[in-house]
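By written order: A, B, C and D. Residues from 1 in each chain.
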Amino acid sequence: MKNTAVLLLSSPMPLARKGVVAAISQFLVAHNGSILHSDDHLDPGRDLFLSKLEWDLDGFDLPISEFEEHFQPVAERFMIKYHLALSDYRPKVAILVSAYDHCLADLLYRHSTGELACDIVGIIGNHPTAKPLADFHQVPFHLLTNPQDKRESEREMLELLGQEVDLIVLARYMQILGPEFVGQYLLRIINIHHSFLPAFIGAKPYHQAFDRGVKLIGATSHYVTATLDGGPIIEQDVVRVSHRDTVDDLVRKGRDLEKLVLSRAVRWHLENRILVYQNKTVVFV
Amino acid sequence: MKNTAVLLLSSPMPLARKGVVAAISQFLVAHNGSILHSDDHLDPGRDLFLSKLEWDLDGFDLPISEFEEHFQPVAERFMIKYHLALSDYRPKVAILVSAYDHCLADLLYRHSTGELACDIVGIIGNHPTAKPLADFHQVPFHLLTNPQDKRESEREMLELLGQEVDLIVLARYMQILGPEFVGQYLLRIINIHHSFLPAFIGAKPYHQAFDRGVKLIGATSHYVTATLDGGPIIEQDVVRVSHRDTVDDLVRKGRDLEKLVLSRAVRWHLENRILVYQNKTVVFV
Amino acid sequence: MKNTAVLLLSSPMPLARKGVVAAISQFLVAHNGSILHSDDHLDPGRDLFLSKLEWDLDGFDLPISEFEEHFQPVAERFMIKYHLALSDYRPKVAILVSAYDHCLADLLYRHSTGELACDIVGIIGNHPTAKPLADFHQVPFHLLTNPQDKRESEREMLELLGQEVDLIVLARYMQILGPEFVGQYLLRIINIHHSFLPAFIGAKPYHQAFDRGVKLIGATSHYVTATLDGGPIIEQDVVRVSHRDTVDDLVRKGRDLEKLVLSRAVRWHLENRILVYQNKTVVFV
Amino acid sequence: MKNTAVLLLSSPMPLARKGVVAAISQFLVAHNGSILHSDDHLDPGRDLFLSKLEWDLDGFDLPISEFEEHFQPVAERFMIKYHLALSDYRPKVAILVSAYDHCLADLLYRHSTGELACDIVGIIGNHPTAKPLADFHQVPFHLLTNPQDKRESEREMLELLGQEVDLIVLARYMQILGPEFVGQYLLRIINIHHSFLPAFIGAKPYHQAFDRGVKLIGATSHYVTATLDGGPIIEQDVVRVSHRDTVDDLVRKGRDLEKLVLSRAVRWHLENRILVYQNKTVVFV
């Protein structure tokens, strides 16, 4: 069990050029912090310096609660925006699901193997299918009382989730969330869309793909924003299809894609590898 | 050098169920034709039986010029629409190109290795870049006299190409062809579009992809129809990109995709593997 | 629920050239059988004609129990070896498993969605891990009484499985089966090996891959024969790795590969798509 | 045209933990060097810190010729081994080729588009095929006087290449180089092997792959060492094959793989992205 801190940060150019790496690493060394991994990136417009930095907390002589205060001068000098995360914190995750439970089953299994370092605090369904699976994995399952009423359902979910939930995963949750709900969990809701976005936005993407006669189908995981299927893309993948494949075959092949693409996004989010800017993601892998 | 005939055919269901395979194979056996390969396909709507059939012409006792006449009763009985092609016929191919010549260079090289069984009868450019390459491969190069004038250019091309050309390949030809020109060569023009269609239709797809922050970029080869980037898709492929990639990197990575995806489509067309119906392709590979 | 018959057959060339397709399709038509799909293949050495043929049993006027008798003359004339399978028969499948249960969990989930058309009659483990999972899916679980004793375990399994089992799936069963056991279930045991065979045969392939510094890791599903990891390959796939990946990362990435590659092989076997000859497989997909 | 310096370095742990990043970045800042990109990596055994660092030379107040002298104290303190490369230096590359010229044609075309930032100083062939292609690209072509005599050929090549050549690319050069020749250009010879190493080492890998019935074929680019096909792997890729593919099809599909896999390796080498240790490569992409 590692005991490290991760800093995801951005700093505007040309300010960053004047030694942001030196300043930060200097700061960490001064507090006896040993850098385990750093990866940085100049955004292609060359306006922004983006970086992920991980250091060992064993021996680090600054209480992490005082980090912000002490780091303040460095942050100000380089106009650094940052997010600090600790490896020993286990994020609280809620999963929303509808009738199709393959992504849910996949996430629960991965969680059971230790692949997803989080606590799954609850599953909310607008359909009862997933209940036995939730029980098997000993995760509380909550069935929405009135799944047809979207506003009421969101109110109900907000109450259930509260402020404690760090991440909401839409594991094929087939209801579009309203802006109010989304606004409460900005960049903390990950969705899986069963197409290679921006192709086939909206409903029934496999049918759309079938009708267009594409030779590959895809899946896309992304953060949810107010724009339908328009949020920052985290991960995408595709699989080959042919004229032999019916819509049912596309659905079947797509299930495997969806599981892979959603679970990668969730894992990267939990491992603090994702930095969002300008409606895009930088994934430090 | 093989001496075979290929039949690409369709027959409506439920008529086809009443023995179309038996009838055709019976017909061929009756003329001492030995089937080398057959592959058939029931379209997912189960409305149409589609098939590719190849047989040896050595020993086939029916002169191929009389095939249509003798096959007529079978065709009528099952309402078969078919296309007959002979392996010893070398299709005549013209290539249209603009400033970027990577697809052209790739096609010419493949042709030189024998990978594309055709005669490349000419290259038409609206830009002089490709001239030396054409010369090296000893293929006539024609520079359009007034490349800015689309109507005039198409008239000029129609004159040059005439009726003898079996296939026109748009190897990154950056001019949209008019409906009249397209109508002259229906399902005989193959284009490469540098995106994963239907995502990023139209101009500058790599810039569009970059702006959207996708994690894969694609290329699509398709038959040209009156609808921009809307014709039957023949082949698609993708390559992974990341936040590190600039638009220039996308362009570079895309070049390799375009070459592969276009050359596969051309080869399959030349090998009589493609059957088009309902704005889709069946590729018998 | 379809009601069809599938014929997987081979016939030696040049005998097959003399009308094997016509003869078989003629035979089926004579009995009012309507061919739904046929796909054939001439092996590259051109010695053998291989084919898969599926026809509708609705209206087929020959009782399937009398098929062999009536088909005999055709089979003899073309020296056809064949396997006849019926779509309404649900094969009986047993799964062998050790401590790692990801492939088992995957197979059971797929089975629950209807993706694998079979009855899973039992799970045998040389380790108790998989018991709760088996219980959840209501499949009998049998723990080997003396898992260290290979001979004794095989005797125990033979007794449990008997002759009724159509397919045995080794879902990461980490014990090499003896020739006697294998001989009892020839071409009816499918194994998943966690490497891209023939690279990294034997134990700890992910460690071997890591040590060699490969840039892709793979998984291979194959029929089990007397030669270790040497049986006919059914399916393979790979995933990219980099210097950042530890052996644990390889194991994690590999799990996803193994699940996909094993489940495809099992599905294809159950759907009668696989024909084995010369220690290779023809997969009609 | 950028004017930057790249440092590829390693430093043993736990020494590196005591502030190697801070010390180097501090050193650069002190000389007004602005870091454009840094990427580091702790090898999985956690014994070695590996890093790539690129900084802007515009404004850097230390003449690059004096870098070594001034950097010495930092290097000694952390036992840093490093390689310094300048973006404005164009490496000199020689290409060795036999009868198959697809990789050569590909490299020359890429070079012509600016994709490979180097000077191709010569092509040496043990077969005359590639001569016209070399002429077209205006690169000197040298045909070995006695290609059958391996020792004599290597002597001849050593004379031709001298010490000035930075990189030798074996573009399907079908002759195994002796240890003496290899020793002269350690980690400066890149080969393409037409299999997914370590599968199918040695001669005729496509035939070996065909005989084994694999479902994917691969290609591997690697640095040449004294062990046949055993040097550090730089890049690998695969393509799907099926029972329909003859050995000739494998060869054809393989050509595309070989071109991609070799050209990526060459580009990464030229862009100073590759760090070799323990017979493996770290590729900073």
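Just so it is clear, a contact is a pair of C-beta atoms (placed from the backbone, for glycine too) under 8 Å apart; a residue touches a chain by one contact, two chains touch by 3 or more.
Please read these numbers as outputs of a predicted model, since none were measured by experiment.
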Spelling it out: a chain qualifies if it touches chain A and also touches chain B; which chains qualify? C, D
Please work out which of B-D and A-D is bridged by more C-beta pairs in contact, and write that pair. A-D
In terms of CA centroids, furthest away from chain A sits chain B
Averaged-CA centre spacing for the pair chain D and chain C, given as whole angstrom: 41
Taking the mean of the CA coordinates per chain, how far is chain A from chain D in Å? 36
Sequence positions of chain C contacting 2 or more other chains: 41, 244
Touching chain A in the complex: which residues of chain B? 41, 43-44, 196-200, 210, 212-216, 218, 232-238, 242-247, 279-283
Seen from chain D, its contact residues with chain A in the complex are 17-19, 21-22, 25-26, 28-29, 34-42, 56
Touching residues on chain A, where the partner in the complex is chain C: 102, 105, 109, 113, 115, 132, 136, 244, 252, 255-256, 260, 285
